[in-house]
Amino acid sequence: MYSQSIQKLIKIFTKFPTIGPRIASRFVFYLLKLSKEEIDELINSISTLKEKVKLCSFCFKSFEGEGELCEICQNPQRDKTLLCIIEKETDLIPIEKTQKYQGRYFILGGNIGKLKQEDIEKLRIKELKERVKDVKEVIIATNATTEGEATALYLERILKPLNIKITRLGRGLPVGGELEYADEETLGSAFEGRK
Amino acid sequence: MYSQSIQKLIKIFTKFPTIGPRIASRFVFYLLKLSKEEIDELINSISTLKEKVKLCSFCFKSFEGEGELCEICQNPQRDKTLLCIIEKETDLIPIEKTQKYQGRYFILGGNIGKLKQEDIEKLRIKELKERVKDVKEVIIATNATTEGEATALYLERILKPLNIKITRLGRGLPVGGELEYADEETLGSAFEGRK
Amino acid sequence: MYSQSIQKLIKIFTKFPTIGPRIASRFVFYLLKLSKEEIDELINSISTLKEKVKLCSFCFKSFEGEGELCEICQNPQRDKTLLCIIEKETDLIPIEKTQKYQGRYFILGGNIGKLKQEDIEKLRIKELKERVKDVKEVIIATNATTEGEATALYLERILKPLNIKITRLGRGLPVGGELEYADEETLGSAFEGRK
Amino acid sequence: MYSQSIQKLIKIFTKFPTIGPRIASRFVFYLLKLSKEEIDELINSISTLKEKVKLCSFCFKSFEGEGELCEICQNPQRDKTLLCIIEKETDLIPIEKTQKYQGRYFILGGNIGKLKQEDIEKLRIKELKERVKDVKEVIIATNATTEGEATALYLERILKPLNIKITRLGRGLPVGGELEYADEETLGSAFEGRK
């Protein structure tokens, strides 16, 4: 129904995370209404993104500016003996917001749902082994999902021979949680982790 | 937290329809993972969109190709004595899919929630008055929302003096609808429109 | 975990429409907190329900009071030449609220999802055939669901030989409905039923 | 619209937890369809409920049978030096299911949203003070909601002078929880409670 250029762009937007064909077509009609200046601004922002944004050579977080290290890894006040392993960059923001963690991060680059060799190879395991050399505590902060749990178990197996303290995030009732609706595992962890 | 270029692109994506900051940031990290070729394809598709896509000089539907008219308005088999007024282009697809309508369309360009002068001025009222000259029936196919209803009433007032047959879409129970959960107005329309 | 009497009552409440075990157990603890007077009121209301409530001998609606007919069938102002067939008694209230219908009702007693003989036998088909004798128009007001549609088709087949005008509720966009989200059948009906 | 007896029973059912008028009316029509035997079974179960079910003289849990104590408080294998305070009886089942707790319970009888004197008076505070006399650890297992938190703080203030160890359930990510969607407080607790 839609013309060729519109269909092509709908197809591209449909690959964006969470976007289906209906929203993708609304994106295209939104773009058709934008001014020349707004289109140029969008195109410019997309095309310079990869030029300007670098990945930190220590933690693999994105950053801009001079040097090899991101603003967290450069910060002399962050505790270099602590390393928090997270699955992906968007997990870093909520941790920073808690203001309970003053160490550095390591972005693993994914998780391993089913211990498939090809999934494991996508993770930055080799780099992780190098980063933990002078570290006293590694905090495995993967999600509490099945995939995150499998990844955490895999990391524990890899890091155990290196004789570093390995911890994992506490499990329990989240804020607003009710006992009546809690699953057994969460509630069991809440009992074990009482204090 | 995110670097400047990332923040700027998040801000731009947040203006896209239905997109909030969380999904916007996922878009940016998705783009960071794309290859140079994929980024170029996206940029190219966006930048040529407005060059290639024209608006039909009769109905204002988007189209590509030769001439001034879209493929529907050009089609000699479409009944030129019927005109269906819709709020926006995305409303055209579901009507075409019904295969119950063989006339032409007119895309009004919006709706008027509160009869504000500035909202009315955004609609293509002047063009509509010209388009209905040789038309026998105008079907007002605005949404059944408050805004769509207000727009329909406004159009009826404008078109009535021109002595054309004016119809509106039938109201009633939608497919899957249950009487127990139907509102009074819908069910009342369903009774009046029984056949 | 719960004691025997509690478990038994939970089991009974779980058979109530829409009630699962969690809500059923909340019902029991709610009852345990009620006063003797409140429990007696509940028990009294349940036990006299079937004694006091009769089914109308014409339409099968529940009613209390003298005579064989409910307050609608007794009402001399209701048009006896119109008969509206509904699946169940709770469908009657929303129709009455529209104030668009002044005839009488007939409660069919269910619907037939798959034309099974045992489902058909539960419906009041024999009674329906008697009720339509002096009627000019029968309005089949089954739900717009698959089951309601199948029931309507079955009723049409049964009533057609009797030479009565048979109508069905109009289909179309419900109040608040948007074209973009309407299914093809609903929108097709809305086009056919335009006026 | 509905007759008097039906309306009265709808009104009574509307007071049941989570039940609105629509479901309440479905309950009544469900009851109208039940057999005499089923109605009698329901009435019998309700009327004997309060006779048969007793509240444990120690923990206030409901139970049936001989004696003053429920099956948990009677059980010699439960650790009498541990006491878990819960808001209401339905919170006990999920804790038992975890099989991580071998002590006894105390059902507080509610929570205090706003420290109102009348709310506090409904709680079994006096009884609680008596129950903790020979206890070594009191586990406050109120919900992680605002009301549960307020109640926990109130209990801590009351129990502190008695020189008993007071603990609370661990907070953190629940099973299935993702960092990206966790609130700051939950994630902060997860970091503090890492192990």
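Order as written gives the chain letters A, B, C and D; numbering starts at 1 within each chain.
One rule holds in what follows: contacts are C-beta pairs under 8 Å (C-beta built on N, C-alpha and C of every residue); 3 or more make two chains touch, one makes a residue touch a chain.
Because the structure is predicted, anything quoted here is derived from the model rather than measured.
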Inquiry  = Among the chains here, which has the CA centroid at the largest distance from subunit C's centroid?
reply    = A
Intercentroid distance (Cα basis), subunit D paired with subunit A, Å = 38
Ask   = subunit C to subunit D: how many Å between their CA centres?
value = 38
Ask   = When the C-alpha atoms of subunit A and subunit C are each averaged to a single point, how far apart are the two points in Å?
value = 53
Request  = Name the residues of subunit A that each touch 2 or more other chains.
outcome  = 90, 180
Request  = Once you've mapped the touching chain pairs, tell me: line, ring, star, complete or other?
outcome  = ring
Inquiry  = Going by the touch definition at the top, which pairs of chains touch each other?
reply    = A-B, A-D, B-C, C-D
Ask   = Quick one: in the complex, what on subunit B touches subunit C?
value = 86-87, 90-91, 94-95, 97-101, 139, 141, 143-145, 148, 167-180, 182-195
Inquiry  = If we count contacts the way the header does, which residues on subunit C are in touch with subunit D in the complex?
reply    = 1-6, 8-9, 12, 16-18, 23, 25-32, 36, 39, 41-43, 45-50, 52-53, 62-65, 88-90, 92-93, 96
